[in-house]
Each structure stands twice: as C-alpha cells, then as structure tokens.
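After the structure tokens below, expect a handful of questions from me.
Order of writing sets the labels: A, B, C and D. Residues in every chain begin at 1.
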Amino acid sequence: MKTILITGFDPFGGEPINPAWEAVKTMDGYTDGDYKVVTQMVPTIRYKSVDTVKAAAEQCQPDFILCVGQAGGRPDITVERVAINCDDFRIPDNGGNQPEDEPVVADGPSAYFATLPIKNIVNALHQNGIPAKVSNTAGTFVCNHLMYGVCHYAAQKGNIKAGFMHIPYLPSQVVDKPNQPSMAVETVRATLETIVHVLSHGKSYEAQNITYTTPHE
Amino acid sequence: MKTILITGFDPFGGEPINPAWEAVKTMDGYTDGDYKVVTQMVPTIRYKSVDTVKAAAEQCQPDFILCVGQAGGRPDITVERVAINCDDFRIPDNGGNQPEDEPVVADGPSAYFATLPIKNIVNALHQNGIPAKVSNTAGTFVCNHLMYGVCHYAAQKGNIKAGFMHIPYLPSQVVDKPNQPSMAVETVRATLETIVHVLSHGKSYEAQNITYTTPHE
Amino acid sequence: MKTILITGFDPFGGEPINPAWEAVKTMDGYTDGDYKVVTQMVPTIRYKSVDTVKAAAEQCQPDFILCVGQAGGRPDITVERVAINCDDFRIPDNGGNQPEDEPVVADGPSAYFATLPIKNIVNALHQNGIPAKVSNTAGTFVCNHLMYGVCHYAAQKGNIKAGFMHIPYLPSQVVDKPNQPSMAVETVRATLETIVHVLSHGKSYEAQNITYTTPHE
Amino acid sequence: MKTILITGFDPFGGEPINPAWEAVKTMDGYTDGDYKVVTQMVPTIRYKSVDTVKAAAEQCQPDFILCVGQAGGRPDITVERVAINCDDFRIPDNGGNQPEDEPVVADGPSAYFATLPIKNIVNALHQNGIPAKVSNTAGTFVCNHLMYGVCHYAAQKGNIKAGFMHIPYLPSQVVDKPNQPSMAVETVRATLETIVHVLSHGKSYEAQNITYTTPHE
C-alpha cells in the first residue's frame, strides 16, 4: 500500500484546541484505493515542526504529504500555492521563538510551490459542496515555515509531493469572537476524505466556472 | 403535550435550497420534556407567508413560534430582537411582490419585539459551542415581514410567544461565492435542539462574558 | 433664514476623537440656499444626549435635525431608517450608565422611523461619488437612544423632521485595527454638504440602479 | 538630483478609472530633499507592463522604483513583501492575455522579495495616521507580474531598489458595491508623500506596537 502523510498542529495563540489536529487525527488508518493515511501531530515551533514531519516521513515513506493548519478568519478551505523563505513571526511560537525577517533555510530558494495538485483538490471540494479556494500566501508564521521546510525536504527526496492546507476556526472557537466565520469539524473531515480521494485516484477534476482566487490574493 | 411551532422558508433569490427549511424539516416530531415540535414550510411571499404560519398555529395551538430564515453573509446564528412595520423589498419575493416603504400592517405599531427569551437562547447556544448573537434588524424583506406578522398575531392571541432566527448559508451554497461564511446543517440542527431545550425547560442561561451584539448592530 | 441643526458626539469607547464631531464642527455657520447650519456637540450619555439636543433645538428652532454618530466597522455612510425603544448598552456610556433591555421612553412607541428623506439623501450621496446606504439598525447604544429621543421630541413638536446618520472610522483611528474600513474627513465633510443641499432644496434624487440595503440588513 | 520612479496602472476589470494612476499622476515633479519624483502610467498587460517600466527606468535612471496598483476589497494601504514567479490570471488583462500557471520569467527564481524598506514605510504611514500593513501576496495577476518583472530587472541592474504597493478602491468606485471599503484620493496622496519622504531621508521609523500583518496573511 502507498501512504499519504497528513499532519496537524497542536494548539497555539491561546486557543484551547487546534481544529487542524482535531480533524486530522480522525483520519489515522483511513484507506481509499491503494492508499492509507498516516497522521502526525506537529508542534507549533520553528524547526521542530519541520523535523517532526521529516521524522514521520522517514518512518512511513509517504508518496504525499499534506500539512494542515488553522487560519482563523478565513471562511473557506484554502489550499496553499506557495511558501516563501521568510520567518517573520507576529507572535512567539510555542517554543518562544519570534524571528523577524529571517530565512527558513539559509541559502534556500526564495519560495517553493506546492507539488500537490492544488486546483484538482479545489475542484473536487467544490463538487462535494465544500467552500474552498487556492490561497497565494500561507503567511510568515509557523504554517509557512512548515510548508517551506517540508517542500524543501520533498524536493531533496525527489519522490514526494507536498503541500499545505489552511482550515477555518471551528464553530466553538468563535463563540466569543463576533462576526468570525467558522467551519464544522464534519465539513473538515469531508474535506480530508475528498483530498485523499483526489490523491489516491489521480483524476483530473474539471472546474465548473469556478474562481480559484480573488484578484489580489 | 405542549407545542413548539418551527417554520422555515422555501428557497428564494435564485438559491436552489433554503437552509432554513432543510434544517427545520428534520425537527418535525422531535420532543424534549413536555414539548413536541411541529414544523411548517412557509412560502417566501408577502402576506401568504404570515397566513401560512397563522393557519398552522390555529391547527397546532403552539405555546411558542420560532420562524427561521436565511441571512446569507452572516457568519453566526442571529436571533432577532425586533421586527419593524416596513416592507421595502430589494428584490421581488417569490410571488412577484416588491413593495417600497409600505407598512406590514396598516395602523400596526411601528415595531414588535420578540417575546421569545432571546438572550437565554444566545447564552445556551454559546454554552453548546455554537456561534450566535442577538441581531437588531431582520431587514425589510419577507423575513422581517413574517416576524412582524407573526408577532402581531401572537400579540392578538395573547398566549403565544414568538420570534425569528436567521441562519447563515450552508457550505454548499458558498462554493461559488468567494469569502462568504457558512454553517453546516449539523450545526443548525444542534441550534434548533438547543432552542427547543431552552423553551421547554425555561431555565435561565447565564451569560459568560459574552457580547450579544456589536455596538452598532 | 431656516435652520438645520447637525449634532455630533464627543469621543467614547476609548477613542481619542469622535469623527462625527470632527466633521460636524466644521459645518457651523455653513449656508446653502435659504438654510444655515447650526452645530452642537452631544455627550455620549443616556438622557443627557437627548436633553442637549432638545436644548439646542429650543434655542435655534430648526426645521431639520440630523444627528451624526460613529459606527466603527461600517465602510459606508449609513443613513438610519429606524430607532427602537430599547436601551441595551454593551459597554457603559461616558456617564457610566449601562442599561439592559430598558425602554428609551417608558410607554413610548416601540420605534420611530426617520422623517428625513433618507433615500433622497442616499441617492444624492451616490451621485456625488460617496458610498452610502440605508441602514435598518442604529444599534441599542447611545446612537439609537439619541435618535429615538430626538424623533420623539420632533414628533411632539410636529414641525421638525429628524434623523440619524452613522459615519465610519477616520483613517487615523484604524492604524492599529487591522482590516478595518475607514473614511477620510474630507469625504465626511462632502457628505454633510450634500445632505444640507438635499434638505435645503427639497429635490427628489432618482436612484440609479442602486441597492439601498443588503437583503437582511 | 536623485530619482524615485512611481508607476500606476491604467484602468482594468471594467472600472472607469484606476485609483493608482489618479493618485500617482499628481506626484509628477514632486521633490523632497535630494529626490524628485518621475511618474509613469503602465498598461495592465502582461509583459508590456514590465517593458514600459523598464523603458521609463532606462530614461530616468531611478534609485527607487515604486509600482502602485489597485486591490479592490482591501481597506488598508498594503506594501507588498514578495512577488512570485507565477502568472495565473483570473480574468484576461487589457491585452486579452489569460495565462494559467505560467512563469513570469522562465527559469527565474521562484520569488523576489521587495528591496524597498517595507516596514519603515508602514511605520511612517502609521505615524501619519494612514492605515497600512505589509502584505504577503500581490496575487497572480498583472500586479504580481509587474512586481516580479521589475524586481527581476532591478536585481540585474544592481543599483535600484524596487517594490510594489496596493491601494484600496476610491470612494466613488464603491458606490454600487455595498459593504466595500475605500480610501480617499487625499489619503493616497498623503501616502505617496510619506513614502517619498522615507525613501529620500533614509530614516528608520520605529514601530509603535504595530501589527504588520495578520497571522495567516
């Protein structure tokens, strides 16, 4: 069997849970076609996050790595197009690191593009009634750091396709945040099943008059 | 047994479904304590909407009437505080009516306040992890029209408490609407169960440092 | 000469200035046709706000009263349609009052509709390139309180038309509030001149395929 | 005298004007310290946009190039951090080009970071009461294309610092777009003067507890 490694962060920023991991952990052992899912919780800490995913990948030898993080405030599933070689943390990570305008990898390329089929994924999600789009920024915090680091690792290995997806707040997280969008864990679970299906079946999902992004995002 | 009448609109504005009715219809026959739920689909048509709810109420003799409508663009459950005596339709209703600045009820009072325990409802929803707030406007379309008309009827009857709740788009409705918030049908169902519990048990739910509304809403 | 009384609040909620008064005060003595403008600063305090406007009105005997307040978060000029008989303050006013679900005027009507020509005003603003719409809620804080109280006074006097307008944050107010809309004081000033022109000339401004409100506002 | 080249796009996407150029053109010949401003209108067309800026730069030999574009929907001035090597046009440009996932420059680096002092600029804008932040994406349309192409040119020349800034809609552009933020041309003009001051004086502007970006942008 082939393997899809899906990772989710532990909580950060004062939130009691991280919806990424809440949803991801339910997928452990899930199978679709010739593929099985392995999951891994990732610390929201510079370097250590990347090292944790690398160690898991060395263990399970995945064909695909999908890292999942939380983007509070976004209403849709956002599949990231690109990670940039920049750590500029607005707040300290869970290890107390707060780099300002430092590279993720010294002498690394300025950016990595996701090698997962991001538009196929968005199209398939739309066909399943799940709001999703391509995003052109994963920020400059640990999410971007992890995506850059994992894409760098995958580029070195050569036979792994990698990418990153942001999910919204869960409903319970916005009870005390007026006017913030959220997404139910059931919808996030359906998102992960859909993506596993796309990766394991390799079909091309046709867009249906769909906007991938807004003009300036 | 006592009765809670819950109503939901049929689709309007080009949407193929109305999430209000999709969620409401699943509650028919639901019971909690001494209360049972009766549901009624309501046409998105001036006057006819009110007449439909009145006819259902004459039939089932409810203690409470909760009307449910869709407010596309709102991220939270919004429990309406007030309905105003004004029909000012931005688009025609499903019957082709498009009144401009006309009263709902000639010589009616300028507004009706909901008689359901709206803050108890919001507090109970928060305690169940569901984003919700009190809203101070139900607009001037059929939602406000229905709320006004049903409150007018309830005021005349004297023994019915009535109110209105708006729910967000369903996820499938925003696939082609970038950056719009949505709420899963599972969450709306949990909302309805919570409200039935509040109405049937009459408890006072304490607010937990919660904002009911934003300053100017 | 006839008189238009325009009022603006002093600062509240920790803001160092209130853009309403910053813009309003520049209009004192402004004339257009047979009309001159008198301005009045209003304390952001329950009752005292209404009493201040009444005293100014007794002094200047206006034909029109336009009260102006700040609605942080709104991107457009919003001309209020209705004030409701409800004081439900999310935060204390500048006098420390924080009523919860109390009437503005005991035994007053449940709501007052603005008697200013609100759609003419919105149309004229649009023709001058100023984003504006009709709003269906002035909230339940001092803004709504003042609008209700002034409309109540105007109804008793019989020969005064009254209304309320919300303006956005000024740009300087959102420097530390990421992603909040704002409006330059120059644009607010142009708004006030346009409204004075509408009130003093009494023309009917035709809408140009314009949406006054969104469906559920 | 030294030179700052500031460019603005001509209109696109059905808009009758482009606020970028409306504001930029007023700066032609403006001086501050040892610097004078040269302005250039740029066609919203793939390649031709970059060639136009290159030709202007060969003519005026600037020390700094600041390209300005419109990002409808953003409420703040957004100073771009990075341009990516990807043309993925949601709509055709003014020349009818609509590339999908093509590089801006074949075999170019995956991204260029702005070499203008973007945080100094944001800090100085804040100190002048202008809402601004660093943005981590210029999209994948002509704005990103131009920023990438100009940064590529500047990197080849070696002695030019380059960057890109997005400005919001003008107020007149959102009259028929409910709930869209805008910024007055006076504020955009003040923005440009502030940036010219930063570039010509080279001071370091200290941040004042300011958020440059939101976590996931």
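The criterion applied here is as follows: a residue touches a chain if its C-beta (ideal position, glycine included) is under 8 Å from a C-beta of that chain, and two chains touch if they have at least 3 such contacts.
In UniProt terms the chains read A, B, C, D = Pyrrolidone-carboxylate peptidase.
Everything numeric in this text was worked out from a predicted model, so none of it was measured.
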Neighbouring chains shared between chain A and chain B, ordered by label: none
Reference interface A-B: repeating pair among B-C, A-D or C-D with over half of contacts shared: C-D
Relative to chain C, chain with the most remote C-alpha centre: A
Cα-centroid distance, chain A relative to chain D, in whole angstrom: 29
Separation of mean Cα positions, chain C and chain A [Å, integer]: 46
Distance between chain centroids, defined by C-alpha means - chain C, chain D (Å): 37
Touching two or more other chains - residue numbers and ranges from chain C: 211, 213-214
Pairwise touch network: line, ring, star, complete, or other: ring
Those chain pairs that satisfy the touch definition: A-B, A-D, B-C, C-D
Parts of chain A lying in touch with chain B, wherever the complex brings them together: 75-76, 126, 129-133, 170-172, 174-184, 186-187, 209-211, 213-214
Chain D - residues contacting chain A, complex: 13, 71-74, 81-82, 84-86, 88, 90-91, 109-113, 135-141, 143, 166, 211-217
